[in-house]
Amino acid sequence: MNELIKSAAALLESNAVQVVIGYGKGSASRTRAIFVTNVTDCEKLIFDSRCVQNLAVYLTKQEIKKLGKPAIVAPIPVLRSILQLAVENQITENDLVILGITPESELINFETFASIETFLATHRIAIDEKYQEIISKIKNMPVAERFAYWVKELEPCFKCYACRAACPLCYCTRCTVEDNQPQWISVAAHPLGNLEWHIMRAMHLAGRCTDCEACYNACPMAIPINLLTKSMLQDVAENFGSYGPSLDKENTLSSFKPDDKESFIR
Amino acid sequence: MYAPKVKGKLTLFDEVNAFGEIAEDYIVTSNSAKEIVFPRAEKLFSYHKSKEKAEITDAANNTFPDVILWGTRPCDAAAFIPLTDIFNSDLKDIIFNKRKDKVLVLSFSCSRSDDYCFCTSVNSGPGNIAGSDVLFTKLTTGDFLAEVITEKGKSLVDENKDLFEVKSEESKESNLAVVASRFNQEEIQAKLKDLFENPVWDDKSRACLGCGSCSYVCPVCSCFDIQDEAHGNKGIRLRCWDSCGYGLFTLHTSGHNPRNTQGGRWRQRILHKFLYMPNKSKVAGCVGCGRCSRSCPADINILDTLTSL
Amino acid sequence: MSNQNIYIPYLMRIEKITREAPGVKTFRLKFENEEEAEAFSFKAGQFGEYSIMGVGESTFCIASSPTRKGYIECTFRQAGKVTSALSLAEEGDVVGFRGPYGNTFPIDEWKGKNLVFIAGGIALPPMRCVIWNCLDLRENFKDITIVYGAKSVNDLVYKDELAEWRSRPDVKLVTTVDPGGETPDWKGEIGFVPSVLEKTAPSAENTIAIVCGPPIMIKFTFPVLEKLGFTEENIFTTLENRMKCGFGKCGRCNVGEVFVCKDGPVFSYQQLKLLPAEY
């Protein structure tokens, strides 16, 4: 993408940013995240359908923040994560330059988070029919069967936490699994430990997840945890009406008012 | 029996119940076979306590299953050597040894490899016999050359004499994959001791997300945690997998963390495998299977680092 | 021993609990099993993994001297999950102990020499073992000097033993507290351990220095010792690092080619200098 390379080079040249977070050539036929800090290396920036890793995960990493102000190559999944990070006050507009890429491979420099939200309003999260079918099928299982289904699906999990590491919204410097007073989540990767982890992660992401599938793509055992994220999205949409991050609406499930009608919260 | 089994788009080591379940077309499995001797969660003992008393039931007294490990590649089998060394140096981990004693390793040489493989750069190769009880190499005739390496392997052959025929001079080499050498291990080992402060560690690990994927799919990695799990007055103490790649691996309770950057942790991984282990224990820290690079969600490729040194 | 499960702890009964300082306790532990008590021995410098079943294990040195049979002691500060559970234990309770692990202070090589022990705060426990070991074999050594400091008077541990050491004519004890940590009746020094060490100026001639303290104290103590003329082979320290198994398998305490649990925790300054700065 020549335009992308030109924009990146210009930004580095003028020192408007000190690093460009983008995609570059990886192993075999893969792509990987690259961190370009000089104009010559901008040549290495590429963009095509293989670029599925969610780069927004690097915006909250201390090693990357040390490099300076970033520009970030942002296809739609990355844009959604950027908006959610903004809603959660993890980034401000001055912290980064956004090199948005539309599905038609157009480059848009989003200067405000509001402009991202406007753009995303015409590119809403949609759950593919084939996933909707699988999710319905699971939801229609009686509880015992559904439990057995998940115990079996999670059996290959060895709790490497690649799902957590790849997720842009898992930015807690100390994750709940790392609390040991008390040890909420068993450390070991046995059936109970696996269930505890995935249930907890699903609950912590409900209302925040934007269905980028970074977790599923990261899993070395190809466990279909994207079924959990998509199912959550559906549930949140059905019960709370929201379907994606929004700067003026409150964050579903993590907003609190003292006069909440639920009594257990008082 | 544990053998490679197709699961969706992956091939994984898993329990098989019928020959037809065994995958044939794989370079290496996504997970390693180390689980057979070093499970993800291993009970060490169970206890029953009251305020003034505690009773301990030793898990080493349990019976461990006889296992046939079928379809390991030479790299997988070679990894049992450093694993056995770690669990037996000075003090001996008898649970590990009991499991290992019950495993029969029946490996298959590689007739093909890919760009992730680098066994020939780490003193191994597509026909390496180290760590196997029997190594099979498929020949152009459709038969298999069976190299019987251990006593255990010999007893298998003796019990199935009708399946084996003593032949001389079968050409093994011509049926093996050609795996190009990617780096000189001795040179790297010599260079590494002077590279502690080098920026290569930060440079090559910038994209690292700090998960434990590489350690967990690696057939040699054996770092572990010890955890107690209690249910009222009863409970167990177990040993479970851990990774030096995690930020909190070396964190002291005081808050001091000797390795608090991802670059430092990447450096530890490479130095431990390619300098400390060969120097100190005289065993390989890496068998060149490439699983770490294959599984890495951020596509950190260990060869990028090793060839840039 | 070779057919024993190395992860199984000895069961120990807490015979005595002493409150040393805010948050700091000493346990005196006796083996539940007589045979195990008879067969057990250790050397100064070694440590163990102490546990509460169901909670976990924590690493402390064995703080009592091997010259005193029939019990072992450990001193710890309440800091995390396991030490908090241990802090709630009472005399008569049963705890677990795995050990002894690690290498030892080469006391035999110190015969006929002067000894200077330098410790700060909660780092006196690892030294207490070797101090008592040497005092119990007093005739083997020449002058013995102890320099010990803590943040405040209240934070000094082993207060009774400090009094005992002070009263002995064959020991020179210098105690200090950080500026601001003194009480009106404090008669000792006021200042950080490295500067008090410099003021005490023990002779380096035929002398071994043994240092233990928080990283910041060690950082400033080594230069003082070098200034006083101590050579690298004559300075010893005992290192702390995050540990789990205690016997060199779990990987956590690996620094360079050593495991602090197995190749340490006792290192000479000469050996320490060869390690990468990852501890």
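Chains here go by letter, A, B and C, matching the order in which they are written, and residues are numbered from 1 within each.
Basically, a residue touches a chain if its C-beta (ideal position, glycine included) is under 8 Å from a C-beta of that chain, and two chains touch if they have at least 3 such contacts.
Worth saying up front: this structure is predicted, and the values here are computed from it rather than measured.
A count of contacting C-beta pairs for B-C and for A-C identifies B-C as the more extensively joined pair.
Across the assembly, the mean Cα position most removed from that of chain B is the one of C. Centre to centre, using the average C-alpha position, chain A and chain B are separated by 31 Å. Spacing of chain B relative to chain C, judged by their CA centroids, is 38 angstrom. Here the CA centre of chain A is 48 Å from the CA centre of chain C. Residue numbers of chain C whose C-beta contacts span two or more other chains: 56, 80.
Residues of chain B in contact with two or more other chains: 225, 227, 229. Residue numbers of chain A whose C-beta contacts span two or more other chains: 183. Within the complex formed with chain B, the chain A residues making contact are 26-28, 30-35, 53, 57-58, 62-64, 156, 158-162, 164-166, 174, 178, 183, 186-190, 193, 214, 217-222. Residues 44-45, 47, 49, 51-54, 56, 58-60, 86-87, 89-95, 196, 222-230, 235, 237, 239, 242, 244, 249-254, 256, 258-259, 264, 268, 272, 275-276, 279-280 of chain B are the ones that touch chain C when the two sit in their complex. Chain A contributes residues 180-181, 183 to its touches with chain C in the complex. Chain C makes touch with chain B in their complex at residues 2-9, 11, 13, 51, 53-57, 79-80, 83, 92-94, 96, 214-215, 240-242, 244-245, 247-252, 254-258, 262, 276-279. On chain B, the positions that touch chain A within their shared complex are 7-10, 12, 30-31, 40-41, 114-116, 202, 205-207, 209-213, 215-217, 225, 227, 229, 238, 240-241, 243, 246, 248, 261-263, 293, 295, 297-301.
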